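Each of the next two complexes has subunit A plus one other chain: subunit B in the first, subunit C in the second.
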Partner chain A sequence: MRWRLAGLAAVVVVCALAQLSVGATGASPGALFGADEHARMVVLELRAPRVLVGLCAGACLGIAGVVLQAAIRNQLASPEITGVGSGAVLGAVAASVAGVAQPLPMAVAALVGGVLGGGVLWVLVGGSGDVAVRGVVVSAVLVGTTLVLLTARPQLAGAVSRWLLGSLAGRTWEHLAPLWPVAVVVLVAAVLLGGVLDVLAVDDDHAHGVGLAVVPWRSGVLLLAAVATSAAVAAVGATAFVGLLAPHLARRFVGVAHRAAVPASALTGAGAVAAADAVGQVVRVPAGAITALFGAVVLVVVARRTGGIG
Partner chain B sequence: MTPLRAERVHVRFGEHEVLKGVDLAVREGEWLSLLGRNGSGKTTLLRVLAGLLTPSSGRVLLDGGPLDRVPRRAVARRIALLPQSTPYVRGLTVRQFVRQGRYAARGPLGMLGEVDDPRVREALRDTGVEQWADTPLERLSGGQRQRVRLALALAQDAPVLLLDEPTTYLDIRHQYEVLNLVRDLQRERGLTVVSVLHDLAQAARYSDRVVALLDGVVHVDGAPSEVVDAVLLREVYDVAGSVLWITTNGVLKMVVVPD
Partner chain C sequence: MAVGVVAVLGSLALGRPLVLFEWGELEQVVVWQLRLPRLLLGVVAGACLGTAGLLLQESLRNPLAVPELLGVSSGAAAAVGTCVAFGVAVPFAPLTPALAGAAVGGGLTLLAVRGATGPAAVLLIGAAVGSACQAVLLAATAVADSREQGVLVRYLLGSLTGTTWRTLAPVAAGLVLVVPAVVLVLPRVRVLRLGDDEALSAGLRPGRARLAVLGVASLLVAAVVGPAGPVAWVGFFAPRLAAWLGRPSVPVTALAGAVVVVVADLVARTALYPVELPVGGLTALAAVAVGLLVRRRA
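This part shows the complex of A and B:
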């Protein structure tokens, strides 16, 4: 198991190095140690924060996805269809419309939106795990509200579309500052909750039967997913499919026990965002567009090869 | 000593009242079987006793105190339930699943390590599923999975065992293996067992006491040899027939002969 996690980590490092190597100028990661001051600054000040923000955001989305899929026992659960992702986008966009530009207040606004979005859904489903249809409805209402907000301030549409699509362009050390502590905390918390997630993933009666108080624990882990999603969305926007795809790929590498599936999903999410941004910079489209395109295709291929998603 | 007691328990699903004032005291160390037609409320009563379902009125006492005030982990250390069926997570191995039975004893953080738990090993061995310990649940047959579910309930190491149709999906050999195992555990560890059994012969052979539900209340309550008769067949199951009691190899057995 440790070797498999180490293998995944190695893949993430390769993806990150690829991302660090691409950009408008020809600077390579080796420039960090070279004499060319300009190339060193490009790598250190432009590319390195972009890579690290992408890794942390991808890890957060991967953790949110694996936690959500266990907590609501739906293999198609992801930040996008649980109201959390679209709530976070709405929070970030509302903050933009209100004139907020700093990363930290933006992250707080996204967190409030994500928790409210997830909370609305939670109230609608009354504590049960039946979220699929209601989640789509809640997300549609939140995305609709976001678009109405954009109509009110059309001049922001260009900047705000980043949150709707997901992009790493222009990410700086300032964006990394509020993100990395959240990524570390949610990773540690989700790994520590691995045993709870294992039990929740089976069935409510089963969980009650073995002694787990379902509603408080599920509420807690959903809040954790909301925090992870909101932090990622505030930094890079709603990077589609990462939260859905990462847990499925991770479980294929390390199995379904969450003690291993959580870090594996974090690594897979981080690697996916890094790879998507590397490719996206080459073909000049945002990382979110790449994850949306390739995520859907990879998911279908995985499902067809194995006779199902899971 | 009464580990579990239901007092005037009513359960209503919408307009339909399934249980209409059930009073039942489960005695320590006995095997009590609930009998009754399909839909008579046996499973509902079992779920109420397990604390999975809150009665519309009335209450359940665990060791003399209200069950609904006992934290879930403490309940699970006292009561283990084998439900009729449990969904399974694809890829989850038998050992990983059975290990979840230790949640109440170990707590959320105690579930993290790959600590070798003797209770899990014992439960796997006792239920004969040791050879599939590292097999994913989806590769097992329905009967094998039923034994794995029993292993989970045993791993909880609770003194009260609630079994909802434990022989479902099992062939006749495994039916008797499972029932013999539960009887041995009941005797060796002094377990209290409450089961829902559809097979009257099995209920009569293994139970110390049977309770038949009819129209939402306890209709018959007593030792099998005293209360399982033609009258019970007719009143509870609406079946005309005879009940024959025979002794083979020193064991009293019962046969139902419909008219």
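This part shows the complex of A and C:
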């Protein structure tokens, strides 16, 4: 198990290095130790924060996905299907329409939006268990509301489309500052909660049987997922389907036990964002476009396998 | 019907300038050149999208099977939006890319759906295709660095801003194709809604018939998407409204869709004057309200 996680980590490092070496100017990571002042600036001030923000955001989304899938007990659950992701985008866009620009208040606004989005779905689903289809509807409506907000500030159109999609363009150390502590805390918390997630993922009777108070624990881990999603969205935007794709990939490598699946999912999420951004910079599209296209394929596969119920 | 007449008169008269008693040069221009084409586009858009929604719901026997959730709307919108964002000129501009996009979106959904079990899987696969199409559109606007919010809002949500007689021309061309197609496909829909076994015993291959219905629905959506965008959730809303009125037939649904769009556009145009809201935003909110109400009752 350790070796497999280490292997995943190595893949992520390779992806990150690839991302570090592509860009508008031809600087390579080696320039960090070279004599060329200009190339060093490019790598240190432009590319390094971009790579690190991408890795942290991808890890957050991956963890959010694996936690949601366990807590809702639905393989289709992910930030973009539970309304949390699009709610967070709505919150962040609302903040920027109101004139907020600092990363920290932005993250708080995204968190409020994400929790509200997830809450709307919670109310809509009730006891029906039909999370996936209703979640898609809720997300679509939240995206619509985001666009209505855009009419208040038409000049933000470019920024809003990047946000809805997810893009690492122009990320600086300033964006990394509020993001990395969240990523670390969420990762540690989710790994420590691995046993609880294992129990929640089975069924409520089993959870009662081992003496777990289901409702508070489930609400707690759902909040954890919302925090992880919002931090990522506030930094880079929706980056669609990373949270869906990462856990499915991770479970292939390390199995379903959450103590391994959580860190593996963080790694696959980070790797997916890094790879998508590296490819995206070569073909000149935002990273979110790549993840959305790949993620859509994964969603199709999972939906076919589970009959759409999850 | 009466509501429809009131809505039509209201959308011609209300706004600034208010056209009630005076009938001068200004009022004439405003009504003839601005409000009438916009009204007509609203009516057609609502009727087409409502009908498309009804056809899909009945033939897939799922109240959530609407163009918005089957990749049809977003495919058409992505194609048209991309052409607009990059300034690509295509012959018969908004209609051909919209039709191609709707067909590709719906076709991808159908391909991915083959052999999948259950209506929920079909809808989710459609949603996956839809969000991939949206990603294409968003990437196109981001790459083309189009500063125009109009493109984004119109092709993600739907809006009637800036309609003139010129924008109506392709819609009229589309209608010529659409109306006979709907009439032709209707008998099959009536059989399909009874279920696959009944369709088979009536001598209809459910798979093929469904494909034909999807084709017609794509036509309906494509006719509208170029000038107005995929006015959000009208395809979901209109059949619901018609069912609530007691008659979920095509004319009633088309009328309901038209009324929904015209009323929503009237509100969008006047509520926060001079800021104009996209009509799709209001129809989306209305759809949420209806969805919540339906859930409460169920």
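Everything below uses one rule, namely that the second predicted complex is superposed on the first by the 286 of 310 C-alpha atoms of A that agree within 3 Å, B and C clash if a C-alpha of one lies under 4 Å from a C-alpha of the other, contacts with A are read in each partner's own complex, and residues count from 1 in each chain.
The rule is short, and it goes like this: a contact is a pair of C-beta atoms (placed from the backbone, for glycine too) under 8 Å apart; a residue touches a chain by one contact, two chains touch by 3 or more.
Just so it is clear, the structure is predicted and the values come from calculations on it, not from any experiment.
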Q: Figure out whether A:Val256 sits in contact with subunit B (first) or subunit C (second), or with both, or with neither.
A: first
Q. A:Val184 contacts which: subunit B (first), subunit C (second), both, neither?
A. neither
Q: Give one of first, second, both or neither to describe whether A:Val137 is in contact with subunit B, with subunit C, with both, or with none.
A: second
Q.
Applying the document's definition of touch, where does A:Val199 land relative to subunit B and subunit C: first, second, both, or neither?
A. first
Q) Comparing subunit C with subunit B, which touches more residues belonging to subunit A? A) C
Q. Touching A:Val210, do we find subunit B (first), subunit C (second), both, or neither?
A. first
Q. Can you list the residues of subunit A that touch subunit B in one structure and subunit C in the other?
A. 308
Q: Name, in rising order, each residue of subunit B that touches subunit A in their complex.
A: 50-52, 71-77, 80-81, 83, 86-92, 96-97, 100-101, 103-104, 106, 108-112, 152, 156
(Q) Quick check on the complex: what are the subunit A residues that touch subunit B? (A) 191-196, 198-199, 201-203, 205-206, 208-213, 217, 251, 255-257, 259, 308, 310
Q.
For the complex, give me every residue of subunit C touching subunit A.
A. 64, 68-69, 112, 115-125, 127-129, 131-132, 134-136, 138-139, 141-143, 145-149, 152-153, 156-157, 232-233, 275-278, 280-281, 284-285, 287-288, 291-292, 295
Q | Touching residues (chain side subunit A, partner subunit C) in the complex | A | 76, 80, 124, 126, 130, 132-133, 136-137, 140-141, 143-145, 147-148, 150-152, 154-158, 160-162, 164-165, 167, 240-241, 284-286, 288-289, 292-293, 295-297, 299-300, 303-304, 306-309
